[in-house]
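In what follows, structures are represented as structure tokens.
Both complexes below contain chain A, partnered by chain B and then by chain C.
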Partner chain A sequence: MEVNPMNETPVLEIRNLEKYFTRKGGFLDSLFGSSKEPIRAVDDVSLALDQNEVQGIIGESGCGKSTLLKTVIGLTDPTGGDIFYKGKPLSEFSKRDWKEFRKNVQIIFQNPFESLDPKFTVRESLIEPLKIHDIEYSEERIHDALDRVQLNPPQKYLDRLPKQLSGGEKQRVSIARAIIVEPDVILADEPVSMLDVSTQAAILRLLSDLTEELGLSMLYISHDLSTVSDICDLIHVMYLGRVVETAPTNQILGQPRHPYSQALIDAIPIPDPFSDRPRTALDGSPPSPEELEAGCRFKDRCPERMPRCDTAPKKVETDPDQFTACHLHYEESDSRPNTEAALQGGNTQ
Partner chain B sequence: MTEPLLEFRDVTIQYQTNRGPVTAVSGASFSIEPGEFSGLVGESGSGKSTLVKSVIGGLDSNGEVTAGKILYKGEEIQDYTEEELNEKIRWKEISYIPQSSMNSLDPLQRVSEQAVEIASVHSDLSKSEALERFKELFEIVGLSPDRIDDYPHQFSGGMQQRAITALALFLDPALIIADEPTTALDVIMQDQIFKYLDRVKANTDTSMLLITHDISVVFESCEQIAVLHGGQVCESGSVEDIYRNPTHPYSILLQRAFPDIRYPDRKLEIIEGHPPEQLGEVTECSFVERCPWAVDACYENAPPLENVSESEQNHQSACFRNDETHALKGELTELAGLTDGGEPNE
Partner chain C sequence: MSLEVGGIRSLKDRFLIRDVLSGLRRLMDDRPAKLAMGYLSVMLVLAVIGPHIAPYPYDKILFSEAGQILRAQPPSLAHPLGTTSTGQDVLSRMIYGVRPTMITGLLGGLIIVTLGGMVGITAGYLGGQTDNVLMRITDFIYSIPLIPFAIVLVGVFGIDFFVTIFIIGGILWRGSARVLRSKVLQIKQRPYILMTKASGASTPYIILKHIVPNVGSMVILFFAMGIGYAIIAQAGLAFVGVSNPFIPSWGVMIRNAYRSGLVADAWWWSLPPGLLISTTVLSAIMLGRRFEVLSGQTDDAMLEMG
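Moving on, here comes the complex of A and B:
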């Protein structure tokens, strides 16, 4: 990550963020006094998002991507760490700060089937955020938002209910809802997963144009690196609650250093019948976040596993601007200064 | 040539709605040979699910095959009754993995119970034989055989998809129809499932019809492909021919709209517009409103599927300008990794 000049505060910054879910043990557990380990859905994640910057968070299903976003936006309280909006910690927010934050930081939820109220027409869905944020309602504003997400002509859609929209159309309504209040940060949770490619490309380009035109910043979540390479400046690869590698997009794609980043890239299908890409070498799925052992969280599936992987790897700068948490990339005795890594959430356990 | 396993001949399917009949599939023809993996691709709403549901009698009650024939091993099946489908087709000849099949396992039944039930209705297997066989299939799809007695919710999404694949393989069908089997999964899970499907392909004679909107998946895992747009089959052939020599304007543009991780800097192209909703009889090329090379003739008739060249077996395209599209393609900007002008890059 680029080091910020002193005078430029990131729009959004996360430091050592943790979200643990505690599970209530069953009756027998309480009887015998055994307490369950918490689910560490987000564990020590740090990042800083500058104005106009788009960063991606990539990882498998269940690695904690949605939880991270929900925590950042204040839908659920972090169990540790800090979140700063324009330099001010959320924990010190006044009522007024919250109101401003809720308007300026918009989330596009992963599942448009859940995020749109089934009883609201498209028009009502778009008016709602305006009402909440005391923004004057105008028909023009609504048309403009629908126009931007290419629901054309707007009249065709305004009076439809969600059940009268295709999955892709619902997803676009969710995006329109997010941009209609003119936020400065968008948190997008797999916003194109239900669309087919040509629509995907159109939405990605739209989001990318919006960030340029409106000076927006965006955190973009996906499990598919190939769709995000176009719009993200920087990518964080997440595995089981932790960011295991961070690097500019081209570096992640061209020279992934973490074996898991490599596996994610290797699993992407290639639109070429002559490509002979081998199938993924990974077996199984990530262990349940309830049953984490000590050490590198990827070790059960890692083709490069070594004895020292039983201790948690620290994050080191493997290449300029590229930070990787893996024992392959430093010696035990390595006492490289690690200040940059600390900024990245790269301390050990 | 051997007899195709499944053949669609000029199939038209309509849904009755209060706005009149919606033609979801019109004049579609293509076939699947024994032992072959075939992909059916197309945008959302292009009629993929409709087409395959017609094979196993799964159309919604307002939908009907209004013209054409569906032949299974040479026999017409489009008018089969429920009983005939149950007795002759479902599970043992053709098994079907519906779209959003993650929800298609019965949540209240152990997976093994569902297998035993299928076996008792559609085969002569005893209960213990059925369980034995089901365990073997769990092994093949990469699930631990001692988990056959689990309930669906005890599996992750990817494991459920594999359990469904095991059920689909269970009675050793000649054909599996899988509708978007991996769309809801992440890339690693998707690749794991295809790793097991590769194994099925290598070890059995089963054919597969794979429905997806992801052309990459078909290029990697199938031998044949049919491209659907607005209910019409616009192009079909071997994946190699369609990759090297896409001829229908929609296939040409579709290929250029796909992200390829080997060329991250490639600017993806967008196919403007949407497929039309066809009310009543279809009398034009369904791509006409989006096609950069449309001419008057394209509005007057639906173009027939015709052979593209003598050298390429079974490569067909439905465009009035089949002979010109290679030249027209030259107008488009060059994209990294794609050949220009249609000459194969060996």
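Moving on, here comes the complex of A and C:
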């Protein structure tokens, strides 16, 4: 479904990934035989990450971004679909493959204040992944990793405990820890959302440079469109467990097709008090993922709501490389989406 | 701190030492904690050298110059705490009694935190069925009344000093298991654990290197409290007679005074062991509490203490 301009296998591919959380009812529920619907945290998400590509996933809190990431890295098992690493599905991994995967796919978490063991010095945190993977290391390698994340001079930081570091420094150490094993893919879970704005910019620049220099691929998750657009080549917009729109960064910023993407982009602040622009204010908050109705999940808040929205929308190519799951952009009768018609429909605003 | 890169072993030793040292430093800045530690240190020293400095052997029956047994003599210069009804020096018995008390406390406390820690940490970290089974066992242990149970077990295993301690430790671990489990449930969701897991570390590795050091301050708290509880429980068992009467613990002394019918008259005999039991237990528990307060004030403190 996704664009794959090169013909090589993507480093990381997700196909129709589902993560449902089943809920155990109470004693009375089981007595009366009522069972609860599972929570669909991640519902039918597909994407393909190529070598040296940075893709972003944005969506508001609770839309399933973090669950998606935890599932991709294998901390929780998916309930449906599959994840492919270099063409091989995780479900068929041998112990050896897992070891390889664990080395080559690293994760950076949101909260730098808790992503380092408070009992470990910087040095201990950095050499831990090397030890786990039995990689020979030299003092130089540790210095080099700290150098790369611009903690200079490295000697100054090596024997510090996390509490002796600032938030930005901690996040740099987390990044150094992730890149020290020379991975192929980095999964970043809102790595800058808890930092000062000035530090955010520096960390984003750093991540962007690192992916460039080391040829890394990165899946970057955030609720903040402005940081995502800074470093991502391709953006997926997620709403309540589903990807509603996928497009290259410039395209999605310039011409969002899905009403939800439009609302997100209109919400990016413009630092000019006199700038005037149409607002698409969204009413209400997303429905609880516990009681989702059939059809489009955005329908209750959508300014463009139609009767058709009660059926689930298909994802169609509204523009070259831009995929949108919205009824506005295709006709009901179409079995194959018509790009022309979709474009027409998309230009109504 | 040295700059050379150590192997896994020396690394672990290093941060253990680092944690213990910074914890002690903080405790020494606190007056009640210093007091309690001082008292317990004196007790430890007495436990080691007590038998050598006691004026008389604890079981020596003393005679007056007239050749009569010195029964229940009130305090005098020769016998600062008087004598028992069988003519033994109370002060000497008190000093001898430090050793069994300290052994009870330390061994009992150790069993309590070891069992409680193993059960609590395993249950908390592994979760699921393991958690369920282990915590139901803990619940079952909670339903056992200590003293009647000990009386029955002593009937089975015979009266022995160490058997009593093992029974005490084998029951009182339940509290620390519950609390440590809840602490681990909290810690295991922290990103640094997830990150280590995501970089492929094994479960035993994560438990030993990340979970245990981070519940360290909790373990120390339960060790200190365990010392206190074990001493109290042991004294109680000794008083009802479920302990080896030939080991001169303070509980046995109170029992002897009670059985001789002289509790009220020979106050110099019955009161001091009771007072010493209370002050020792108080010191141990106070040390634990101060530790809890000091380490609970800030996150930083929590780190330094554990």
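Going forward, the second predicted complex is superposed on the first by the 324 of 349 C-alpha atoms of A that agree within 3 Å, B and C clash if a C-alpha of one lies under 4 Å from a C-alpha of the other, contacts with A are read in each partner's own complex, and residues count from 1 in each chain.
Heads up, the rule we're going with is that a contact is a pair of C-beta atoms (placed from the backbone, for glycine too) under 8 Å apart; a residue touches a chain by one contact, two chains touch by 3 or more.
Keep in mind the model is a prediction, meaning the values are calculated, not measured.
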Would you check which partner chain A:Pro129 touches, where first means chain B only, second means chain C only, and both and neither mean what they say?
second
Quick check for you: in the superposed arrangement, does A:Asn104 touch first (chain B), second (chain C), both or neither?
neither
Scan A:Gly168 for contacts with chain B and chain C and give back first, second, both or neither.
first
Who does A:Leu225 touch here: chain B (first), chain C (second), both, or neither?
first
Should A:Glu60 be classified as contacting the first partner (chain B), the second (chain C), both, or neither?
first
Contacts of A:Ser198 with chain B and chain C, given as first, second, both or neither
first
Kindly classify A:Ser208 by the partners it touches after superposition: chain B alone (first), chain C alone (second), both, or neither?
neither
For A:Asp117, using the defined touch cut-off, is the partner it touches chain B, chain C, both, or neither? Pick first, second, both or neither.
second
A:Phe274 in the overlay: touching chain B, chain C, both, or neither? Say first, second, both or neither.
first
Chain C contact footprint on chain A (complex, rising order)
70, 73-75, 98-99, 102-103, 105-107, 109-111, 114-121, 123-124, 127-129, 131-133, 139, 155, 158-159, 161, 163, 174, 177, 181
The residues of chain A that touch chain B in their complex are 60-62, 166-168, 195-199, 201-202, 205, 223-227, 229-230, 249-250, 253, 263-265, 267-275, 277, 279-280, 282-283, 285
What residues of chain B sit close enough to touch chain A in their complex?
43-45, 142, 156-159, 185-192, 194-195, 198, 213-217, 219-220, 239-240, 243, 254-255, 257-262, 264, 267-271, 337
Which of the residues in chain C end up touching chain A in this complex?
1, 3, 5, 8, 11, 15, 19, 190-192, 194-201, 205, 209-210, 213-214, 299-300, 303, 306
